[in-house]
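Both complexes below contain chain A, partnered by chain B and then by chain C.
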Partner chain A sequence: MTHKHKTKSIGYDKVAYFFILPFFLIFTYFYFIPTFKVIMDSFTNYDMFTTRDFIGLKNYIELFKDDIFIKSMGNTFIYTIFTLFPTLIIGLLIALLANSTIIKTKICRTLIFMPHVVSMVAVSMIWIFLYDPTNGVFNQILKALGLPTFDFLMDPNMALPCLIVMGIWKGVGYNMIIFLSGLKSIPEHYYEAAKLDGSSSINTFFKITLPLLSPTTSFLLITGLIGSFNVFDQVNVMTNGGPLYRTTTIVHQIYTAGFSEYKLGYASAMSVILLIIIVIITVINFKLTQPKGE
Partner chain B sequence: MKKRRLFAFSTALLMVLSMASCNSGSSVNSKENDSEGQKTIEVWSRGNETDSHGPSLVKAFKDYEKENNVKVKYQFIPHDDAPTKWNAAFASSTAPDVMDIGIVHMMERINLKHIVPLNDYVENWEGKDDIYPSMLDLGTYKDNIYAIAHFPDPQIFAYRKDKFEEAGLDPNSPPEDWDQMLEYAEKLTVKDDNGKVTFAGFTMPTQAARFVANIMIRQNGSLFVDEENNTPNMVTKEAIETFEYMNELHKYTTVFDNNKTDTHPLINDSGAMGYIPNGVLSNYLKNNPDMKDKFGFASNVPGKESAAWCGVWFYTMTSQADDKDLAWDMISYLTSTDVLTNRVEESGLPATFKSVSDNFIEKNPEINKAIMDAVEIGAGNPKVSWATVYEQELDAALESMFYGEKSPEEALETAQENLLKETK
Partner chain C sequence: MKSYHLQKTCNKICMKTIFILIALIVVFPFVIMVLTALKSNQEITQGLSAFFPKKLLFSNFIEAMKKGDWVRYFINTAIITVVTVSLSLVINSLAGYAFARMRFRGKNTLFYCAMVGMMLPMQVIMIPVFLQIKEIPLLGGNDIWGNGGIGLVNNYAGVILPLIAHPFGVFLCRQFFMGFPKELDEAAKIDGCSPLQIYLRLYLPMGVPIFATLGLLKFVDTWNQYTWPLLVFNDPKMNTVQLALNAFKGETTTEWNYLMAATILIILPILILFIFLQKYFVQGIATTGMKD
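This part shows the complex of A and B:
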């Protein structure tokens, strides 16, 4: 009887598995195999067309002597820290405002969410003109106010902060929407009970809202972290890693080594380092944000 | 029973879809002769059909089809996507027979063995004596002619006559040498109360200044590399002089990135003189006819020698060309006097052949004469197998000098060190 039941359930599963087979085939072919291929290539001098000889750990040894790659790691960490946390905090604050009666309008939410929908390349082109040292909008405003002007993207000390500001502007809307959906899912009676107990607004926020938003925060933190570590489009379009390599990032270095210099083996080694960093940070993040008792 | 049918149906559907996709993949890339024995040739050009070179090129393809009973499969590829598309095509053995590449792509395509030498064909080619020697040389590497230049894109020296007049300089005479150019740059520069340049006396790019460096090192009678031995040669007396001179000129510029040509100060009313790609300036003047009389032009301002940087578009035969003779026939047709004369007439673009240069100059003598003079003395990037890294290192060296991070000598030494590692 048990055997019959088991056979029946496998038969049923076969059809179900068949229907999800296309996804797994695509996943295996386009994601799973390439990941292993990149790891294999990182031990070769692969140049995309003519050579693919095994060279052991040479690429990794070279990487840690490569000043520009080390600089790109530093830039990526700075970009991640200064983009991710402000985006989360501002996104949450706007979500709280949008959830209250102060700016509870669809138009407001749409306007704040809009930058997220626009392609990064298009946004980057617009911000290039805003930041233009001679005719850019920001400098025109500063000039009109009688203030000194800046070189923005052409200034080694300002270029990365300029990218960070744009990154925050673009990411806030998405964070706001996700936080808003998290806020909507908190049962109203918690707040009613807190009110009856005489809890202040700030106390309610820290004792009820924030803890109940932790799954949302964790999700945004992990996806934001991965997104920030993969920052590339705006760097490639707006600064190409300059000036003085102050804005080059890990992915920008991967792209340059792989597709400008055709050092695919070397670029693969960089990709593996990036993969390891993201996996470590994601695991730590999971551990820290896991609800107590689980 | 129903589930079995569903399973069978789904399996069949998946197989049909797989077979259909395999089939379409092979037919799209087929360059075989059709059933009537008509040959097919595949040509890729950068840009798009509506660009200035597009219509005349399409007309040439159509005429070639009629005259030769050959089917021409042509494709325009956006500039930024071209290297990716080429790489994918060569990796999947679906590259075209003939493709148009830029001067910056030539060395990497030779290294990757994507393009083949044309010496045997060029030997008997009637255009050999008509093409400017400097242009034939641009497509040559180690005695092998890999590419035929057809569309020169030199950087020319342009200056604002009205600004010269305001500064008490002769508006009809560009500076004659480096010393005079530095002197003029100082006179033409406007600074604000904080000492920041608001109007550039000389437009020296802070980023991607390699184009200007490549012009000036030649004008100073040297090169940053030893082409013969395929080694870097950055730390020489001439190279240090060139860097020092560029650093002096940089004091009189507003900051800009030479890769973003639409922000060039000369076309944004914020610069008085400098080197600029001729196409960028020509387009600007076309859209702003009132500015035409305010500009003067020259091929270059010589140092010890005259020299100009000349970008160029090439036709090349790929290593995957099915019918090499047919591919060469197409290249020689596209670079024939008739086709290029038609292009000059229709689009006003310059060509690399003496027989059509007069037509081109006649169309707009003042600027076009400077363009053709620059073509005549034009040189491109050094021909070394590590040209891409050379460009990156040269830009990095110039940036570190302009931002005051390194002295000219230190900047050159760092570049030399990095390039030596690359050439090991």
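This part shows the complex of A and C:
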């Protein structure tokens, strides 16, 4: 019944294109074209309704004079640095603890991983309550200790650190799981050899564990960097960028400019800046993880 | 010798205590959530003196669900999630199969193109993707150039379509299928099976483990989606549970017990999945880390 083309002589299956077609249709329409479109639109004054004229580099020039956008870049960098590195370090430490043979508390592992699977909106709700100025647990503890209370999310100096603390809390479990699978893939005999040589456990960690874990670490670093640079959900839900733009981030600015002010050309220029940052991160990572030598 | 032993047990207890302590700190916000959801409003304002609710008010869950059309929000989210997971499994595994087993011109180039997409977060292109949804040709009142109508705005498909092409899914299916013996294909070919039949009869049934893992990750990702529904839906009737929860916060600033009850109900499906399928979860997450 099946209509068989004798393509074997050439060795190509033309049918393959039908197999990849659905994927590439969607992929082209929702990834490729948008990537070009965002670059094109960044040179226009598009406002979704009337105009879409070419205005050259005007958007970019304006961006670098835009205090709020520059602030959002600063906030994003601060958020990234202070979320990513603590998450990595704490994640690794917990993984080391969990990996030691004497600890058999699987339920604890489950609990530590739990925040990762819960949606950002849901955890934001929980933390908004924890940070609440009157009924929140943190303030009630402060009050019980006779200390002054804070309106955490409305305090310009505290709002961003509050988001960072929540970000670390949510990310630690994921980092732990990935580090654990990295640790499990290190062959046991390395450790046995180190033991025979009388290496101290700290020495073993820095000389064996950490170097052999570097593919895992660089994976977590790169995905963590990209993820943190795109921080948006919790900002939009918890602070909406405030107070005094202290928590606004690049993606939050893109969203605000694009969907509440309808300055799509301008928002596209912001997106291109973010795109460039992500490309730079990816290229650096690619260069660093490329096998050296030859 | 004895002191060495003593030190070892001491170490063991110490490490275990630290580990349990960390777990308790991590779980603390969830404990607060559950306790608050079961308290009366008055108890919440009493602070630490009423840390545990005197009477467990399960009625809070019902009251919370009465504030808004929650049944509809759950149905919306369930439709989006189920359709997204199914479609993404189909299209990504088909592509993964072709990349693993078939020979065709441009195979490597196309594969690398897809993999580059893996690095590109959707937030970066959220403006043009929204425009692609709004200006989709011939749908939602649009003409062939994508003008005139609203496209897929306020339509389930507007959220589903951008989420189904999942380069990582293609990659994972390809890796998995490449592990199958090639003789299988050849035997099936000799029996007169077309590539589609080989895919349906051999690869689909044998790929179940990888589909389970991928499907689970996609399920959680879609259920937890906030950004896409926020952009695509502006009709409250289309709200997903995540959007509805955020809207709920705005309406009830003081009724924390209802807000926490709603939060619990929203994360419950994910938590149940997580608890029962934990093994697949961890496996899936761990393979994500192994992709280099």
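One rule holds for everything that comes next: the second predicted complex is superposed on the first by the 264 of 294 C-alpha atoms of A that agree within 3 Å, B and C clash if a C-alpha of one lies under 4 Å from a C-alpha of the other, contacts with A are read in each partner's own complex, and residues count from 1 in each chain.
We take it that contacts are C-beta pairs under 8 Å (C-beta built on N, C-alpha and C of every residue); 3 or more make two chains touch, one makes a residue touch a chain.
This one's a predicted model, so the numbers in the text were calculated from it and none came from an experiment.
Q: Do chain B and chain C fit side by side on chain A after the overlay, or clash?
A: clash
Q: May I ask you to decide whether A:F19 touches chain B, chain C, both, or neither, giving the answer as first, second, both or neither?
A: both
Q: Is A:F259 in contact with chain B, with chain C, with both, or with neither (first, second, both, neither)?
A: both
Q: So, does A:T216 touch the first partner chain B, the second partner chain C, both, or neither?
A: Only chain C is touched by A:T216; chain B is not.
Q: Determine, under the contact definition given at the top, whether A:I128 touches first (chain B), second (chain C), both, or neither.
A: In the superposition, A:I128 contacts both chain B and chain C.
Q: Give one of first, second, both or neither to describe whether A:T50 is in contact with chain B, with chain C, with both, or with none.
A: So A:T50 only meets chain B here.
Q: Output check: A:T149 vs chain B and chain C. Expected answer is one of first, second, both, neither. What do you get?
A: Touch partner of A:T149: chain B, not chain C.
Q: Tell me which of chain B and chain C touches more residues of chain A.
A: Here the partner covering more residues of chain A is C.
Q: Taking the superposition as given, does A:L244 touch the first partner, chain B, the second, chain C, both, or neither?
A: Touch partner of A:L244: chain B, not chain C.
Q: Just to be sure I read the superposition right, which of the two partners does A:S181 touch: chain B = first, chain C = second, or both, or neither?
A: second
Q: Using the superposition on A, tell me which residues of chain A are in contact with chain B and, in the other complex, with chain C.
A: 11, 14-15, 19, 22, 48, 128, 132, 134-135, 259
Q: Where on chain A is chain B touching in the complex?
A: It is residues 11, 14-15, 18-19, 22, 47-50, 128, 132-135, 148-149, 151, 154, 156, 240, 242-245, 256, 259-262 of chain A that touch chain B.
Q: Which chain C residues qualify as touching chain A in the complex?
A: Residue list for chain C touching chain A: 11-12, 15-16, 18-20, 22-23, 26-27, 29-30, 32-33, 36, 44-45, 47-48, 90-92, 94-95, 97-99, 102-105, 107, 110, 113-114, 117, 119-121, 123-132, 161-162, 164-165, 167, 170, 192-197, 199, 220, 223-224, 226-227, 230-231, 242, 245-246, 249, 256, 259-260, 263, 266-267, 270-271, 274-275, 278, 281-282, 285-286, 288-292.
Q: Show which residues of chain A lie in contact with chain C when the two form their complex.
A: Residue positions touching the partner: 2, 4, 11-17, 19-20, 22-24, 26-27, 29-35, 37-38, 41, 48, 94, 97-98, 100, 102-103, 105, 107-123, 125-130, 132, 134-135, 137, 140-141, 143-144, 169, 172-174, 177-178, 180-182, 215-216, 218-220, 226-227, 230, 232-233, 236-237, 251, 254-255, 258-259, 264, 267-268, 271, 274-275, 278, 282, 289.
Q: Once bound in the complex, which stretches of chain B touch chain A?
A: 3, 6-7, 10-11, 14, 83-84, 87, 90-91, 108, 111-114, 194, 196, 206-207, 254-257, 259-260, 263, 265, 268, 270, 388-389, 392, 395-396, 399-400, 403, 405
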